[in-house]
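Heads up, there are several structures right after this.
Across the two complexes that follow, subunit A remains constant while its partner is subunit B and subsequently subunit C.
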Partner chain A sequence: MSSSNSGNVGIVIVSHSSKVAEGAADMVRQMVGDAVPLAWTGGDIDGGLGTNVAGILEAIEAAWSPAGVAILVDLGGAETNSEMAVEMLPEDRRTRVVVCNAPVVEGAVIAATESSGGSPLVAVKRSAEEFYA
Partner chain B sequence: MSLDRGTKEKLVRALAGSVIAHADELTTLDQAIGDGDHGLNMKRGFEAVLATLPGLADKPLPEMLKTIGTTLVMKVGGASGPLVGTFFMELGKELGKALSEAPARAEFVAATDKAIAAVKARGRSDAGQKTLLDVLVPVQAVLAEGGDAAAIAAEASRAADRTIPMLAIRGRASFLGERSIGHMDPGSRSTALLINAAVATLVSEANT
Partner chain C sequence: MPDANASRAAESAVPLTASAVLVNAVGLHARPSVKLTQCAKRFAASIELALAPDGPWTDAKSPVKVMRVKAPQGATLHFRVTGADGEAALAALLALVNDGFGEA
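Our next item is the complex of A and B:
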């Protein structure tokens, strides 16, 4: 898990596998350096494959930006747990976090690249989702 | 339905005990059409719920249900955490509006209806897609029609069985397409176990 101080949209990567999440984050960093707040989480609370709401909430906090946070997820449970985590955020933050309907690795890299140029949350989400549309 | 502290603790222990005792069976079901973690995930969640006893049973019923839901959301992992957790959280929230510790049947029917609607929204799903909703929806219908405890428990088991020939539309099992046919949905099985455990406890308590 990592982060950076920046006004750009934050990126959170959620995978069932911590290795996939960390690897995707490495690819994002290679592309955008420290220009984008970035955090990742993967695995269940016992360290097995899965996702967990507490980990996702921590990652959102770590990648928080006033411009908002875009979450990239892999499979169903990652999406459901991410949506649950968003709902558990304080109300003033809830509307500034979105779950993107995009492949986790490619989506994260594209979303971060869009964010690094200073684009707003809606554009970051759209660029991730349009890549494979 | 009078729910004193002792009954609430028995209810929690029965719910958790049932899932934990069947964890291997749930995992086997999930290995057939999913990622094989349903038993382990549900066991972890309900062990976390048990760890909040005895204090959990001191809470009023709505608060107790909300706490169970939140614990499941935070501890289960996988999609079943938010789905089952949302049911308990919403059920607690709705029963809280009834303002009585012993909700009347009509209040309970209305609350389960809202809780099921919340599960549908959380999973963007509905009955007929080989998910826990295929147990929740028909069991709630029997409850709403005035069915007794035996009818409710029987419908829960039958409803889980009816998921066997279904084609999965949501969740990991949907990746299998037609190969999902012929296996019971693990989430339906765990939901039926929870319903049967709750019914058995409440019947046994009512008879003492």
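Our next item is the complex of A and C:
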């Protein structure tokens, strides 16, 4: 889990595998740079494959930005647990966190690229979702 | 008022165009595409690129669209730029391409 402070939209990577999540975060850092708050989480609470709400909440906190946070997820549980985590956020933050309908690795790089240019949350989400357009 | 007139003039202006050859080994793949869109986003001007002087044109500020161009090494990248800071944008983009995106 890593982070960097800035006013740009934060990116959170949620995968069933901590290795996938960490690797995707490495790609974002190498390709896009440090101008974007970034955090990742992967695995269930016992360290196996899966996702957990507490880990996602921590990642959202680590990548928090006043401009909001875009979450990239891989499969099923990653999405439902992310949605659950968003619902557990304080009300003033809930509306500034979105789960993107995009592939986790490619979406994270593209979302971070968009964010690094200072784009608002809605543009970051739209850009990541262009992969399925 | 002067501002409104200035922006109208910029919008109706003839686009600036220029081209550069991709010299970096991988062409316009993922990392160079990210650098190019990051560079383009620093400018207000509308910026498009194409592999031929008559298009089809691709929005240079969209990383997904730029990657889909899949321009290989040796390809000529054409830029079409419209807007008040278009000249500066074009100079920055050409410098980036000519520099091989810093990776040669």
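We adopt the following convention: the second predicted complex is superposed on the first by the 133 of 133 C-alpha atoms of A that agree within 3 Å, B and C clash if a C-alpha of one lies under 4 Å from a C-alpha of the other, contacts with A are read in each partner's own complex, and residues count from 1 in each chain.
The definition used in the following text is that a contact is a pair of C-beta atoms (placed from the backbone, for glycine too) under 8 Å apart; a residue touches a chain by one contact, two chains touch by 3 or more.
Computed from a predicted model, the values in this text were never measured in an experiment.
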Superposition on subunit A - do subunit B and subunit C clash or fit: fit
Partner chain in contact with A:61 - subunit B first, subunit C second, else both or neither: neither
Partner chain(s) touched by A:109 [first = subunit B, second = subunit C, both, neither]: second
Partner chain in contact with A:76 - subunit B first, subunit C second, else both or neither: first
Touching partner for A:131 - first (subunit B), second (subunit C), both, neither: second
First, second, both or neither for A:22, with subunit B first and subunit C second: neither
Which partner, subunit B or subunit C, touches more subunit A residues: B
Partner chain(s) touched by A:45 [first = subunit B, second = subunit C, both, neither]: first
After superposition on chain A, the shortest CA separation from subunit B to subunit C (Å): 26
Doubly contacted subunit A residues - partners subunit C and subunit B: none
Subunit A partner contacts - residues on subunit C that touch it in the complex: 30-31, 34, 37-38, 41-42, 61-65
Subunit A to subunit B touching residues, read off their complex: 16, 44-46, 48-54, 75-77, 80-81, 83-84, 88
Interface residues, subunit A side, partner subunit C - complex: 30-32, 109-110, 113-114, 116-119, 127, 130-131
Footprint of subunit A on subunit B - complex, ascending: 35, 37, 40-41, 44, 73-75, 77-83, 85-86, 122-123, 170-172
